[in-house]
Every structure is written in structure tokens, then in C-alpha cells.
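After this come two complexes, each holding chain A, first together with chain B and then together with chain C.
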Partner chain A sequence: MTSKAIEELKRRRQGEFKKKNSQIPYAVIVTAISLIIYTICIKLNHHSTFWMIGLLFGITLQRSRFCFAASFRDPILVGSTAILKAILIALIVSTIGFTIVEYASIGDAGELDKIRTLGQVYPVGLHTVIGAIMFGIGMVIAGGCASGFLMRIGEGFLLQVVVLFGFLMGALVGTWQFEFWDKILISKAPTVFFPDYVDFPIATIVQVIVLVALYYVADWYDKKNNIMVM
Partner chain B sequence: MSGKFILKKQNKSIYLFRYKRFVTQRKGGEVLKNHDRILKKPWPYMVGGSILAILNIILFILTDKVWRVTSGVVHLGAYVLEKIGLRPSEWYYFSQNTGEGLGTGEMFIYNPYIIMNAAIIVGALLSTLWASEFKWKRIKSGKQFVFALLGGFLMGYATRLSFGCNIGGYFSAIPSFSLHGWVFALFMFVGAWVGSKILIKYLLT
Partner chain C sequence: MAEVRLDCMYEACPIPLLKAHKKLQQMEIGDVLILETDHNCSIKNVVDWVKKQGHNVDYIELNEGEWEIYIEKAK
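The block that comes next holds the complex of A and B.
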């Protein structure tokens, strides 16, 4: 290759680089619109916090290519637990965080009933098992979980709009048929909330220990099975 | 003559070196500037996961609510059904103590998670644009379309059985100390295993 050809290649590369950069004006516009919506939400007192944190969720999911579907699929398909380990870390952080928030909100009186309504505490039973298996299958064949398809719509994937449409339909049909499942399974199932059985701080400590142990298991599994090691 | 040749060769190697350095700069080598590292290079999973967890905690502090996705989808769907003349508010689900019912004067569209889901899409769009990576990506085949629709439907339906998707039923449920989050996670592996078999058999061949 002559120096001229390399210079030419360099120029072309630079051109591509510039062309790629041309989305910045759009980025500025969308950022401005997002901030305007934020101020409107504040004015109308309408879930402005949800809007702002939602934006940050979207940015974080996109920047880190965070995919829950992959965290379940990759250990099975290629033996990689990189995302699973990150989720375990996230669960450790949020277990500790949730404990502090809940503890602060109830004071030192043990009002467990109040905490229960704050978090995501629901009946567990056969319906959970059926739902989880269905969800797992759907997630893998659709190529994305609930947070994943929202993020990919933002990236410009038209396929994920189809997933969202299917998800919406499925969720509505499920809501409509909820009575059936509630009568045969859910209403008979117990709600297991760990602080009902052990002291709240102990529940936190045990859960963190279990999550840390799972992290090491995932790490060991990755080292043993990962076929994607570079 | 041979001297001339060597000179040429040296020139070539210098250019090659410069070219390589240029490429590594673009691909995110050491010489990458700070803002490029944040805007263009993917963040490590650990960083992403930790930020998601911290954001969830901040949301909890500020609003007394935790991150969920499906709740918003269900309420948006119910709002549309109401607009076309159906009465989802009379459905058994919304009358039960699931925390999803409507208070007096409330409308389905007021659900905060509708706004949050829209914000997640816009947030992803924002970060894609700032990295100048946005591109419309078309659906490749009819098969892909069918699997997307079917997979989406399965996921959506499943969320009503297990009280939540991978966010509300897992990412926010385990830190809430509810057993259902753990059971959901465990059996999602079973589902993912079956899904992978289907994927290999029908979609990748």
C-alpha cells in the first residue's frame, strides 16, 4: 500500500467518523425535549421523578448493554455468567439499600405490615413456577426481557416494537383471565416475606450472604464453562 | 537501490504504525478521550448493574415505590381498551388487593410506570444518539416477526401469573425479601433452557 493510499484511507475513515458524529444535533434536541417534559411534569405535579429516573434507567441499560434475557440464556448457551454476576452485585446493593430505606420509613417499631406494602411482596406457589417458565421461554425466543425491549426500541430496533405489542396483548389477556388463576391457585398460595420468620436485620444479612455465595458459584461456573473467553 | 528500498519500507512501517494507532483510537484504545469512553464505549456490566440498583433505591426513597415495568404496560393497555368502549375497570383483577386497582377519580393513564416506560425508551434513544449510533433496524424475516410476537405474548401473560416481569418480579422482588422473587428467578432458568432449545431448533437454523 502506498502512502497516498493510506492517506486516502485515513481521510475516508475520518469522513466516516464525522458522518457518525452528525447525530449530536439530534441528541441535543432530544435532550432539550426530555428536560422540557421534565419541567412540565414538575409543574403539573405528575410523576416527574419517574420520568427523570426512567431516563437514567434507559441511559444506563443502553450504555451497559444490560440484558436480563442474556443473563439467563448465556450461562446455558455459552457458559458465560458475566451479566448474571453483575445482576447478583446489583441485588446485593439493592438488598442493603431497600433495608435501609424500609428501616428508616418504619422507625424502630416493627411495623412489618407497612414494609410489606412498600416492596414487591406477593403470593408464591405453582403459579409463580408456571409464570417463570413461560416468561423464560418468551424472553429467550423474543430476544429480550421487559427492560430489554424498551431499551432496544430506543436504539431503533423495529422488532422490539412487535415484542412490546405482543407483551401488551399477553398482559391484557392475562389480566382479563386473572380471576381463573386466582381461584384455582393464587388465592390458596401463601405470601412468604422473610422478615415474618426472622428478624429484619438477620434476613438482610442472610440474604446478602446467599447472594455473595451465588456470586462465587457463578464465577466458578464461568471459569469452568465459558467458551467465549477471549 | 537497496538503500532506497529500505527507506520506502521504513516509511511504510511508520504509516502502518500511525494507521494502527488511529484505528485503536477509534476502537477505544488507551488514547481515547474521557467523554468518548463514557459516550461511546459500553460500560462494564458491573457498573451498569450497580447504577441500576442505586437508581432503584433512589426511586424508592423519593416515591415510596420500586421499579416495575409491566404495571405501566397493563395500565396503558387498559386505558386503550377503555377508549374503545370496553370496561376493564370492572375486571376482577383491578378489584383485587393486588395494589393495581384504581382509587376514586383515578384513571388508568395516571399510572406512573407508563411515564417511566416511555422515559426508558427515550433514555436509550438519548444515549444512542449521543454516541451517534442510532439506526433503524428492520425486521429480517417473517420467522423473526412471529417469534417476537409469540415471545412477547408469553412474557406478558406470564407476568400476571407471577406478579411481575424480570424487573418487578425479580430485580425489585428479591431485595423486597419476598420468596416469589427467588422462585421466579430459579424457574426462569428452566424457561430459558427450554427457550434456548427452541431457539437452536427453529430460529438459528
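The block that comes next holds the complex of A and C.
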């Protein structure tokens, strides 16, 4: 939605700011260098494949302006669930995608233990709550989660270089303190894995149904709430 | 028709949105708010919010990583 006044202002400002220099040559050079590093390192081990996937993730995040921090903060702070709905769609897609990958890789649907090792299933308990609250507070103060701030450093948002130091320190303290948490909470917490109780396809379908329901709740909340109305 | 400039450089999300909200409350109908930002999250969440509230909005990228969002108070 735009108007005459805005169109005029845009034209005026665009005239004042001629783009000084194109960034495209740098992009071509960096892409070429990363492809060279990839082809050299792929002969040693598989890690460079993960690096490539990471780079593609970064490009997707930057172009889509996707932000996990905003998705969980905006519903409460400004009453908008547009990004939360995007996250829910991403979860639906990945639930279906993971099911396909897991089925394809084990071949036989009966071997749940193999799925368990493949799909990193961890214990859930009080430590999840404590960790989530700590991460949530940090994420909102820092203005982005782990993926978001790394992407913005690349984009040139200077504030988030400070966040990088905090992130490194936090990761260090987390690793250092892990044994403590493991002893008092994590080792005692149960590991919940739905396919242990129901069939794997049913677990997938139920999870998708719950996510779709959450999507509609988010949509309803977006229209219904009157936080920050102008 | 006044033009109001709002400097949100180096401000992380959601500060630009909160500042814009505060400023828009003081403005008259037809006034244009120019919000300068270098946080790409603002493009998404300020623009979405303004659209939802029914005002006119658009943005341009002046330099790489520097945007101006134009908001016209419509009601």
C-alpha cells in the first residue's frame, strides 16, 4: 500500500543517493573462493558439505528477512504473528521432510532405534524450561538469535559484533557448566519419543495436525488482539 | 504535510518499531514519517505492522544495508 506523497518522496531520495559502487564483483569473487575451498576440502572429509549448506541457509535467511527472535517476540510485544506463522509452516514442512528422509534411510519402518539415533532425540524436562527462558531473554536483548545475528554481522549491522562476543562467552560457560546440569537435571529427565507409543506415520500426522491448528490460532490472534493499535 | 525524520541507525529490532509507534501518535493525518534504519528485521516488522494498521507505507534501500521506510499517517 503506497500513496502519492510516498512515491514522490521515494523518487526524490533515490535521485539524491546514486548507488556508489556495485557489490556484485565482490559477490562473484567470494562465491568463486568458497567453491574452490569446497572442491579442495571435499576430498578430505564431508565437513565442507555442511559448510555449503550453512552458506545457503545464510543466504535464505538474509533474503527472506527471516528472524526466529522476532517470531517469538512480536506476538507478545506488538501483536503480530506473521513471522510466527512462517515458523509454523517451516516446522510442518520439516516434519514431513524428516519423515521421508528417515524412512528412506532405514528402509524398514519397524526399526525405531535407528530413527532415534538419526533424528537426535533428547531428554525433556525442567532444564529445557530454564534454558529456554535464559535463551529467550538473551535473544530479545541481543536483537536476534544465533542464526539471525550471524547473518546480520555478514550484512554489516555493527551492533551485532558485540553480540558475537556475548555469544562466544555464553557457549563457553554452557560447555563448562554442562556437567553440572547433566548431573542434577538432564540425566534424570525422560526422553519422550512419540513413535514409541504410536506408529511412526500416525505420530507424524498428529504432529502436522497440531501444527496446522497452531497456525490457525496464530492467525486468529493476529486479527483479534489490539496491542499497539494506531 | 510535514515530513518527520526518525533516526533508528544501529538500533536493534524492535526499537525502530516502538519509536515509530510513539512518533506516529504525535503526528497529524497526511504527515509522512521517514524512518532510517540499518536493521533488516525492521523492513519486515515495521512494514507489516503499518500495513496491518492501515496506513500507507513503502521503503527503499539507499545503500547496501541502509534503508528508509516511508510511512504516511492515513487516519
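The rule is simple: the second predicted complex is superposed on the first by the 201 of 230 C-alpha atoms of A that agree within 3 Å, B and C clash if a C-alpha of one lies under 4 Å from a C-alpha of the other, contacts with A are read in each partner's own complex, and residues count from 1 in each chain.
In the analysis below, contacts are C-beta pairs under 8 Å (C-beta built on N, C-alpha and C of every residue); 3 or more make two chains touch, one makes a residue touch a chain.
This structure is a prediction, so every number in the text was calculated from the model and none was measured.
**Student:** Per the contact definition in the header, classify A:80: touching chain B only (first), chain C only (second), both, or neither.
**Tutor:** It touches chain C, and chain B stays clear.
**Student:** Of chain B and chain C, which one touches more of chain A's residues?
**Tutor:** The partner that reaches more residues of chain A in the superposed model: B.
**Student:** Does the superposition put A:155 against chain B (first), chain C (second), both, or neither?
**Tutor:** Both chain B and chain C are touched by A:155.
**Student:** Let me test your reading of the model: by the given contact rule, A:133 touches which partner, first (chain B), second (chain C), both or neither?
**Tutor:** The first partner, chain B, only.
**Student:** After the superposition on A, what does A:228 contact: first (chain B), second (chain C), both or neither?
**Tutor:** Only chain C is touched by A:228; chain B is not.
**Student:** Could you say whether A:65 touches chain B, chain C, both of them, or neither, answering first, second, both or neither?
**Tutor:** both
**Student:** For A:145, select first, second, both or neither according to whether it touches chain B, chain C, the two together, or no partner.
**Tutor:** Once the two structures are laid over each other on A, A:145 reaches chain B alone.
**Student:** Who does A:23 touch here: chain B (first), chain C (second), both, or neither?
**Tutor:** It touches chain B and chain C both.
**Student:** By the touch definition above, which chain A residues appear in both interfaces, chain B in one complex and chain C in the other?
**Tutor:** 1, 3, 6, 9-10, 13, 17, 20, 23, 62, 65, 69, 73, 77, 82-83, 142-143, 152, 155-160.
**Student:** Residue numbers of chain A touching chain B in their complex, please.
**Tutor:** Going by the criterion above, the answer is residues 1, 3, 6, 9-10, 13, 17, 20-24, 26-27, 30-31, 34, 41, 46-47, 49-66, 68-69, 72-73, 75-77, 82-83, 85-87, 89-91, 93-95, 97-98, 101, 105, 117-124, 127-143, 145-147, 149-160, 162-179, 181-182, 186, 191-195, 203-204, 207.
**Student:** For a test of understanding, state which residues of chain A touch chain C in their complex under the given definition.
**Tutor:** Answer in residue numbers: 1-3, 5-7, 9-10, 13-14, 17, 19-20, 23, 62, 65, 67, 69-70, 73-74, 77-78, 80, 82-83, 142-144, 148, 152, 155-160, 222, 228-230.
**Student:** Which positions of chain C touch chain A when the two form their complex?
**Tutor:** Residues of chain C touching chain A: 1, 3, 10-14, 17, 21, 24-25, 30, 32, 34, 38-41, 43-45, 48-49, 51-53, 55-58, 60, 62-65, 68, 70, 72, 74.
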